[in-house]
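The two complexes that follow have subunit A in common; it is paired with subunit B in the first and with subunit C in the second.
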Partner chain A sequence: MTIVVAYKWAPNPQDAAVGSDGSVDFSRAKSAISEYDPVAFELARQVADATGAEVVGVTVGDASIDTSLARKAALSRGLDRLVIVADDRLAGADSTRLAAVLAAVVRGIGDVDLVLAGESSVDVTEGQVAMTLAGQLGWLGLNAVSSVSATDGGYAIERDVPSGTASMVLTGPAVLAATTDAVLSRVPGMKDILGAAKKPVEVLSLDMLDVSSAQVTLTAVSASRPAAGNRQRVIIDGSDPTAAAAELVGALRAAKVL
Partner chain B sequence: MTSDAAGPDFDVVVVGAGIAGSVTAYRLAERGLSVVLIERGDVPGSKNLSGGVLYGRVLETVFPHYLNEAPVERRITRHVTTFLNADSAVSLDYSADGLAEPGNAVTVLRAKFDPWLAGKAEEAGAFLMPGVRVDSLLTGPGLDGATTVVGVRAGDDELRARVVVAADGVNSFLASSVGLRQKQPTNHLAVGVKAVIRLPRADIESRFGVSGDRGAAHAIVGDCTLGIGGGGFIYTNTESLSLGVVLRLDDLLRSGHTAIEVFEHFTQHPGLQQYLHGGELIEYGSHLVAEGGYPMVGEVAMNGMLVAGESAGLAINSGLTVRGMDLAIGSAIAASDAVVEAVAAGDTSKAGLAGYRRRLDESFVMQDMRTSARAPKFLERNRMYGPYGELIADVLQNAFSLDGTPREHLLNVARHALRRSPLTLRQLISDGWAGVRAL
Partner chain C sequence: MNVSSQTWIVVADDPAVTALVVAARALSAEVTAVVAGRRATAESVAAAGVDRVLWLGEPAEGTPVEAYAPDVARTVADGAPRAVLGSSDGAGRVMLGAIAALLQAPVLSGVIAVEHDGDQIGVTRSVFGGVAERRDLVTGGPAIIALAGGDVGDPSGAAVPVEEVTANPLTTGRLTGVRKKEKAPVNLGAARTVVAVGRGLKAKADLALITGLADAIGGELACSRPLAEGVDWIPKERNVGISGQQIAPELYVAIGISGQLQHMVGVRDAGVIVAVNSDKAALIFKQCDYGIVGDLYTVVPALTAALAPKP
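Coming up: the complex of A and B.
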């Protein structure tokens, strides 16, 4: 059996600059494994250690996602091997297209019964790829997954739902998107990174893949920032802590918060 | 790869993929040694501040065509030194196109330059290991009974090597952990606050009087540091400026100001707005600079370990220029040659690695450290940072403000100005002499 970790090599929002008009500039941002994805690596490793499955990392994107740094970053997080599609025709691809390419890769690997992914990517934050991938594959898709463990012939799953936690068991192939705190992910150590360099990497060409193409185009028209809310813009001078605390209490009382 | 007693994991562990570490790793890998280059930043350069002026001739001895290959910003053909007062400024402008060939000094941004350099080491065969912070050295007793470094530890993992090269920068805790470096007195350290601001290319070229790939380096002393020992700088990159202040730590502490306050005073100084206005801040940070000069360089080798770059105290602050990157490269050349020699001879003890210090002493690195040995003392003369600029401005004010009264001979003007200034003629001569000897 094989477990796939679908992850994104994404620009780090910490390096992004937000312009005065609210536009976000990622041009100076360095890329890394999208911050919400390490949980998926960790869950996959834990399940595989229990079942003896193989863990394969899959990532797709433009040519810049295939560097030695990017390979080591992924392979040092418990993968057995890595499959990459790095093609500039995927630059700026939307979530549907990325999911379609991922689906083609998963089909090509065969023998996969579980795909794990993060909740969303840090840069786009739409949270669509995992569920679209499930649809493309015709598999079950579940998001908000907070726990996965192997059972006889399937998996036991917990989900965060508005009313609390739901437990369920699953047989048959599925795509699961994990919550950011589903599990504590390990930071790769020196041996993990050295080991990463010895693991196999397969680079697939987009042309070799059987990617379904939906005849839909989506064009962004505009985007606006959320309303600023009813801010009072009161700044309290904190040089005298006692006076500042009293003033804060006074201001909160006046605003009928206390 | 195992780290049992059987043998080392690598010939050499280099800690820190800054300038010194990457050049060392490159030269060792080129010569066929197995090398791991460990860097705590997720990407080399991500922990290193903005950059500055690289006096790059020495890099040509390692990468003859680096100017065409490396991400360098501009070739410096114009050096401007400004004495800045609250409401006046006196500048000395030295420009020569000859400075561009073959590239005496260039500006670099470390966020781009360090990954390039580390990439070179990786291409040559070094194993680049980013995202790992070395926590401690592995040590054991050497044949001579003295402590021997046998590897490094990070988290739960250990890596063993014949030689560890500590290139972990000015705060080198690796060197101090084995007693190679003592805690530095505050007058051996300066605090640098640096920023990069984005500015359109056309604005840079018109404001600084440069074009094409040519650039300017401005050194500024006086009111811009609120009179605190140190200075400010503005360097032109392709589409941004690197700027900041370097402040003597002891003087800063004495002044009661914070480095940030001084930095803000600098960036808002009316005398500098012609260069800075409209710039958009894109990077900002603060860092220590070693400026103890020659006395700060102590032991650079021990059994199983060398210390290179600024972790060995190799940096020079002449008051007008801060140099560290070129010395880091020079020390990396010396360190890698010495390691190759020691590994080949099968003796990586302190004696086996003695070739490092000898090469350092013979190279420009120690010669320049010695030449500038007096610079730190010179910089401790506080009048450099206030009264001088005012004195010169006063003289020029008299010379240039023609108000109808008969002109005095400039020497007389200077004499009167000096009388009004808190400086004495003796201080002037003494500082002048100290300056000539220091620079």
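Coming up: the complex of A and C.
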């Protein structure tokens, strides 16, 4: 059996340059494995170590996601191998398009019974791709999964639900998005990083994949940068805490918020 | 695809739908709800001001609501609505994802406004964690929209009949139990003053410092995400930011919080923002009205004392 980790190589929008016209330029922002995705890598590894499954990382995006740094960062996190689709036609692709490409890759891998993903990507922050992928595959999609373990013929999982923690058994393929704290992810050590160089990477061409084409498209009308809020930025030295507290409380009283 | 002028809402066994109904009503005269989950949910939706309720039948014991996502998608596709609204919570995302996959349409998140633009639908969204806003026209099929669900005001309108639709839920996942967790209700959104703490706090026991200040100032306790997830110091419902509460109190006091985008988006509309942080280069000092550069362990007790009523 194969467990797929669907992850993203992405920048933090905090580091993007945002124009007054609402343009978002990520060219000077550094990408990394998206903040919460290491949880999915770790869960996959732990489950696979118990079952002997193969763990395959899958990531899709524009051409910039395929660098040796990006490959190493993923392969040093417990993957057995990596499959990448890196094509500039996917630049800025919406969640449905990314999910469609991921689905085509997962189908191609063949004997996948579990796809694990992080809660949400750091750049887009929508938490949608994994669940659209479940729709695309026709599999059960579940959010907020806090633990996964192998059982005879399937998996036992736990999920955060509004009323508490739900336990479930899975007897067929599923796409699971993990909570941010499902497991503590290991920081790759020297051995993992050296080992990464030896692991296989397959680069698939978008043209070779059977991806359904988008039916609904978005036409940009306008964009803007939200007002930063005109904050006063009065900075008080706190080395004398009593004086600083008195000054702040005075200012807040004057501003009538106390 | 031929689309009607209707708006549909999809409900994943959550009876709190008036926010969705109100948003749907603003888009079309006729609103149809597709309900996965218990009959009781369908009946309550039927009385929430919709024109039609299509219910996918009573789930067999142990069937999670997410198992109905393919049925929800087929039902919505058959109805060919112009817009589909669903909740942006966990199960809502599964439903919207299945619809998006079937119709090959994007799910639109971070939605600020939706309106008709001629015979198209225009959607204004906050993108990339809130650094920019975009307005797009949706062409070629339905606008699939994720909104914060919940109830806004009381449901209105006479109850409509619940129409049952045949469904074949996925059978690959079975619920075996729920460990219930008591949760005290929190309404951060209603608080005039909110006192939030972040990773600058060194130990859970030190929370007493922060709750002491919150009491002295008459504010609700909140936190940054690392204190609600990973360590379990403060309930998740009190997390402020893009993954938690977006609030606009008159006064927001952020203690030991660095001021990263994903947190600050949650208080963009706050009246006055105060920061206490020991690092004078912390991002939050560029985004606050008043900042004290200092150790929270000395500044917070001083603040609490300064707020105490004079004898």
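The definition used in the following text is that the second predicted complex is superposed on the first by the 203 of 258 C-alpha atoms of A that agree within 3 Å, B and C clash if a C-alpha of one lies under 4 Å from a C-alpha of the other, contacts with A are read in each partner's own complex, and residues count from 1 in each chain.
Just so we're on the same page, a contact is a pair of C-beta atoms (placed from the backbone, for glycine too) under 8 Å apart; a residue touches a chain by one contact, two chains touch by 3 or more.
Predicted, not measured: the structure shown is a model, and the values here were computed from it.
Engineer: Once the structures are superposed on A, label A:K30 by its partner contacts, choosing first (subunit B), second (subunit C), both or neither.
Structural biologist: Touch partner of A:K30: subunit B, not subunit C.
Engineer: After superposition on the shared chain, which partner residues are touched by A:D111: those of subunit B (first), subunit C (second), both, or neither?
Structural biologist: A:D111 sits against neither subunit B nor subunit C.
Engineer: Tell me which touches more residues of subunit A here: subunit C or subunit B.
Structural biologist: C
Engineer: Taking the superposition as given, does A:L218 touch the first partner, subunit B, the second, subunit C, both, or neither?
Structural biologist: second
Engineer: Tell me the contact category for A:L194 with respect to subunit B and subunit C: first, second, both or neither.
Structural biologist: first
Engineer: Using the touch definition from the top, say if A:L69 reaches subunit B (first), subunit C (second), both or neither.
Structural biologist: After superposing on A, A:L69 lies in contact with subunit B but is clear of subunit C.
Engineer: For A:D152, using the defined touch cut-off, is the partner it touches subunit B, subunit C, both, or neither? Pick first, second, both or neither.
Structural biologist: neither
Engineer: According to the stated criteria, A:D210 is in contact with first (subunit B), second (subunit C), both, or neither; which is it?
Structural biologist: Touch status of A:D210: no partner.
Engineer: For subunit A, which residues belong to both interfaces, subunit B and subunit C?
Structural biologist: In subunit A, nothing is touched by subunit B and also by subunit C.
Engineer: Touching residues of subunit A toward subunit B in the complex: what are they?
Structural biologist: Within the complex, subunit A touches subunit B at residues 17, 28, 30, 32, 68-69, 72-73, 187-191, 193-194, 197.
Engineer: Touching subunit A in the complex: which residues of subunit C?
Structural biologist: 1, 64, 66-67, 69-70, 73, 90-91, 93-94, 96-107, 109-110, 117, 122, 126-144, 146, 170-181, 193, 217, 225, 229-230, 242-243, 250-251, 260-262, 268-269, 271-274, 276, 280, 285-295, 298-299, 301-303, 305-307
Engineer: Can you list the subunit A residues touching subunit C in their complex?
Structural biologist: Touching subunit C: residues 12-14, 16, 18, 22-24, 94-97, 99-100, 103, 119-120, 122-128, 130-136, 138-144, 161, 163-174, 179-181, 212-226, 228-229, 231-239, 241-242, 244-246, 248-249, 251-252, 255, 257-258 of subunit A.
Engineer: If we count contacts the way the header does, which residues on subunit B are in touch with subunit A in the complex?
Structural biologist: Interface residues on subunit B, with respect to subunit A: 1, 9, 36, 38, 42-43, 46, 111, 122, 127-132, 154-159, 282.
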